[in-house]
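Listed next: structures, encoded as structure tokens.
What follows is a pair of complexes built around subunit A, which joins subunit B in one and subunit C in the other.
Moving on to the complex of A and B:
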């Protein structure tokens, strides 16, 4: 975490800058009313700051982890209510009450994480929403324990006493909590877990091939959200001095969710701006027009979404980014990788098999994609896998990387039976891969896209990143969304190299590359094999390229290996000639 | 049929196209070459309406379509086939193809409209009832072309039709495009399989850093030593 804090570079990075602005706004919004002696505005901003800290962790949950929860209001409420029940009704005092409240919040938050392991998107939204709907009714129904609809008055002496300047301890605690939430979110994004969480949200499939278990990261996200929301719930009690079921209706959960969306999904400052607008406009500015409050609220929300389709902060950042865009997008070149004098030459690979597939069968409904494939890839070799469209090449790669389990057959990686391994366990065995459509994450910088590869490396300090160190600065400032298609492919190849995986599965890596890039790519393949000792299984339609770089080639047609051998030996095989001339059934 | 005059476009303040002028006659195939990042795909997307030009005109059959929405441009008879297999994954192959003609309304004779495309790609005919997501990557690319074919556009813009297609199928696909052009369609292709694509193109244009550097017939370009070396990548510098 300390390293991550140093990395966010508070002055330059957008996340760090937004967190700083947020902290300044939070402090100002509480300190100024206190100094001005306005109890009304002090109270309003204390409440809204607590809501901001809940929205900050909801932002992390929604945009970093991709988890839709409409139930955070219940987590907030259970923390607050437990303080009231244990602290006041059962006379245990605030401290014991707070400890119990925290435990209750974490328990409920993790209960939300359980369905998240099975269901996603709107389904998860409905599950959490039902908790938010039921929660206030439970408070009323269990009135023997909760004092029902009358609520519980809570006084916490000490926290709310004003000092000579008008400051209270609780005001200080609220400032610290909200600032800490913002700082935490900025720092978390720069950590390994933070990057991996965003990858798992954007493409669970690609995440697993990078050794990430998406379920664990969802659990982590719900835990962080529960802790942040729980603490805010505890502090809510002394700020308001009263808890009642009315305060924790489903509207509160929706409020937290909308704060993130209105402010700008994924923007550090978004939840603060969103919560301020949604809370202050109806509750403070339109307080005198209480009859029209809901109408005003609706109009404000509608106008904001029309003017700022990506949320207030999101749309502003988008405009800023376009305005400040560099003259050109950096080009991802392979040149200085290839010119790197690698000193640690790997020992010559012995003739062991890195990948052995036997009797692989896989059907999709009636269609047999693989009809009993045997394939053996020697360690330290480049092995080409060619064949017509729809012959099962990608299906075989998916099976070897654990994304599509075989119906029958055995897959061994370096002698280990990995047939039933999930994709992230195969990644741990040292299998890395790229996809036909490159999985590039546009919300991260180009450098961060490489870092996700490095995060999967056992040493966390892979050769590739050291070699590219001089590009770190410019690639950290550019996003990959403007990269041409072929450059995205190169970036994905670089990422899998950064993972230091000894076995690489490449799915049509040269598609769309220019002739010059193809030449560089061929050099890169040989470099990886000869200098870094990697084993490469390459699926590619550019047969000239495959014949130039591969040590061995397997030809797949209609789910069966129809030819196999070194390039010059099988070149005259009729099944291979057919591939070049087009008489093979496609 | 299609005429671009002094076309400028970019992303935010990043200029990508710097004054492109190009005319394509009915039935003509123009091949666009150049290194990755030269702005080739951006040019197609700008003409297709997905990027608003900052300056210049795009004349389609005598009307300026610069700044129009993509769906309006499509209705006027321009079709854009992007790279990366853009088809509707949960619809069947049959429905995906029919959608190509949907905007014209009325009933269509499927066999007549799609016949030549299905003859070109027998794999699609075999899998008419399958969902598009069950096709391999290369077959999805074929489907995207077939869908564009039934739309019978006046102008077809094609970004790397060979992407993900088996080597043996590339010449027949390009030949298919040539026959398609003979029916009067103007075709612009961006393609990295340069040698094969030059064989069917009437003209080729070389783009670099957002501008047209050179234009000529396939024969002329092959003869130019500099072009030969740098752009066609025929010199072996490995």
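Moving on to the complex of A and C:
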């Protein structure tokens, strides 16, 4: 049994498999009570399923986009209440009411996205929580429009009438909505936008250097959440036949959030399991003691969090994965790439400057990290940037890639003034980079980590992925968290190659590599320059390596360029010798 | 003129409670990076303690004896809650588990309050008579809460600057890894920070009980207003929370006076959004350095 389970493709197929299990459970939970003729359980499971679909889009918002919102109950409520107000109080009927409800839900959902552009984490959580606290108060306060605490009865002819078999149109709609939400989430994750959203959530800096605008993806996530939550809110009205402020208190928002985390943040099936446990356990077990329901619900949430810190589904998947982890981890080898006949990718060599930095200054408080740096990197060259720790190398790299704007000075990329460009615009100009600590995304497969490189250049031919196609299957099934450090570096470099960026900034790419791996790495550098025509600016402490591969070298000390020229010349420069006494053996 | 006085008195009284909640947030946040969502309901528990222990016409002596007991009882409760919250946190603060465990604790307290009180709104009587200020009757609890907020600010200031334990706690807030490497028992200090926050909300709830709503749904409102106070002042800064609390109190009570009590929280929300959009680090907070 355990072996059979372990064979299920846990990464690529996991989302799809979980979504399918979820859909089966949703259908069964509604169809079985209807066939059994239990109006009580049919009603309960219709409501739970609506809550599940809200939790599914909240799962996308929380784990794929990294946005903490405690206010989805207000989005749900505003859709439902608008139906009541427009449909019943203003006698416009359900359809017009539903349209207005959707508009209201999307508007409120996007209002949540506005502070998300400015603040993150628990700040955003508190803003949305406060909105959820205020929402029912406003329903009461504006009683001229909302009927206040009396609520609004809503009858929707046709939706709740039972056919011969006891099925209702609304039951069908609820099944369709919940299934669609699950399928959508699974499918969205496999899209370019879905991958890029997860990258932006895991590391906004790395995302920007891959051409991603994190703000735009947050907006997209809030929009998706608002649409899904809004539709569920609309259907809630005919299921209940009544809306009142009491139903949309802050507790509802907290319930949605709890469902996601209790079920397993990021697991497709998580929201369903979470919502079922949190709704059914207190309601079924404590049915006779309604006063104790709230306490019971709180205790269930607390206990599950203590027993399963990654949520119910998350902890189970983790155990399954560890069971499989004893099998081999694939090796990320460069051989396939280096030995592959790549044709026609080298652009005509020209001696123009790819990067020109003039008068770059940058201070952190009293400390001048860059004190007026001039640097020119010729297109198609490997340019080494060396210097002692704290000399400003990474600061310069951050400035060129747009992550830390200069105080003064000018940066030109291929002749374009890019001094004030944000990192994602610099990426669009063709600047790719790697980091001192490789930015590898452990929640994605190794193959997906490569794909987000290719995603950065959607109009280019993904030749690298094709070259590596024979590894696709094994790399798609493994997560990078088991890769040794050197392999993570190689993966990050492969990713930036996949992005087809003509200019590469590499921050200490050889740190932690073995001598053998360093030799391979030097081959890779030359391959990138000679066969693919890339321009490379490399910051590296391994001076042997830099002297072996670089066409030109700049030496940075205390924020100033102290020497610049071809390797041989620099090698004999007395100032440089003084900086690196005894370390240059080239 | 009379209107402004009413707004000011009510605003400062309510603001003192928000400031106390804000400071109790800060104590835990500085030591652990956790914002304890249950803080508002714990404050209400402090009020419930007063309701259960104080007789209909309490004496000043009895009140003075019960006040420290309320603080200690709540400190013990919050220390236990803190221990439970810290349990599943394996290493980092980058987890959602504390959001859930502290919110769950808040929900449980809400549930307990609901069982206890049903829907009736019980009132607590103060042993101190109100006094007259320019012709207006001021409940003693407002003045006492204000005094308590200032006392707690001074006590926390002395604790964090003069006492070894307080200094160690400040060290955690500046660099957790360095503090651990220096041999500080981080987990114990963090639980102590929960206990101190319990002393603050316990005493605050007890003192403010006569002017507080002791109900299952009022805790979340105190959490929210206390957080707004802390954000306006700059999360982590106790002086900021003190000033922020009074600001939130006066501004929301102005809104409540002119437009109705239902709009009090809405105005607090607007304040929160406004501050976060314009000055996310608050009045006295340091802008967070971004690491690449």
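Observations on the model:
Here is the rule we go by: the second predicted complex is superposed on the first by the 559 of 586 C-alpha atoms of A that agree within 3 Å, B and C clash if a C-alpha of one lies under 4 Å from a C-alpha of the other, contacts with A are read in each partner's own complex, and residues count from 1 in each chain.
The rule is short, and it goes like this: contacts are C-beta pairs under 8 Å (C-beta built on N, C-alpha and C of every residue); 3 or more make two chains touch, one makes a residue touch a chain.
Computed from a predicted model, the values in this text were never measured in an experiment.
In the superposition on chain A, A:115 makes contact with subunit C only, not with subunit B. Within the superposed three-chain model, A:547 lies out of touch with both subunit B and subunit C [touch as defined at top]. Shared-chain residue A:262: touches subunit C; no touch with subunit B. In the superposition on chain A, A:68 makes contact with subunit C only, not with subunit B. When the shared chain is aligned, no partner comes close enough to touch A:167: not subunit B, not subunit C.
Shared-chain residue A:515: touches subunit B; no touch with subunit C.
In the overlay built on the shared chain, the residue A:219 is in contact with neither subunit B nor subunit C.
When the two structures are aligned on the shared chain, A:322 is found in touch with subunit B, with no touch to subunit C. Residue overlap on subunit A between its contacts with subunit B in one complex and with subunit C in the other: 394.
Every residue of subunit C that touches subunit A in the complex is listed here, in rising order: 35, 84, 87-88, 90, 95-97, 99-101, 103-108, 110-112, 114-115, 216-217, 220-221, 224, 227-228, 231, 260, 262-263, 265-266, 268-269, 272-273, 276-277, 280, 292. Residues of subunit A touching subunit B in their complex: 321-329, 331, 364-365, 367, 387-391, 393-394, 436-437, 482, 484-487, 508, 511-519, 522-523, 541-543, 578-584, 586. Residues 11-14, 35-37, 41, 83-85, 122-123, 130, 134-139, 142, 160, 163-169, 171-172, 192, 194, 232-234, 236-238 of subunit B touch subunit A in their complex.
Partner subunit C is touched in their complex by these residues of subunit A: 62, 68, 114-115, 118-119, 122-123, 125-127, 129-131, 133-134, 137-138, 140-141, 205, 249-251, 254, 257-258, 261-262, 265, 291-299, 301-302, 305-306, 309, 394, 398, 403-404, 435.
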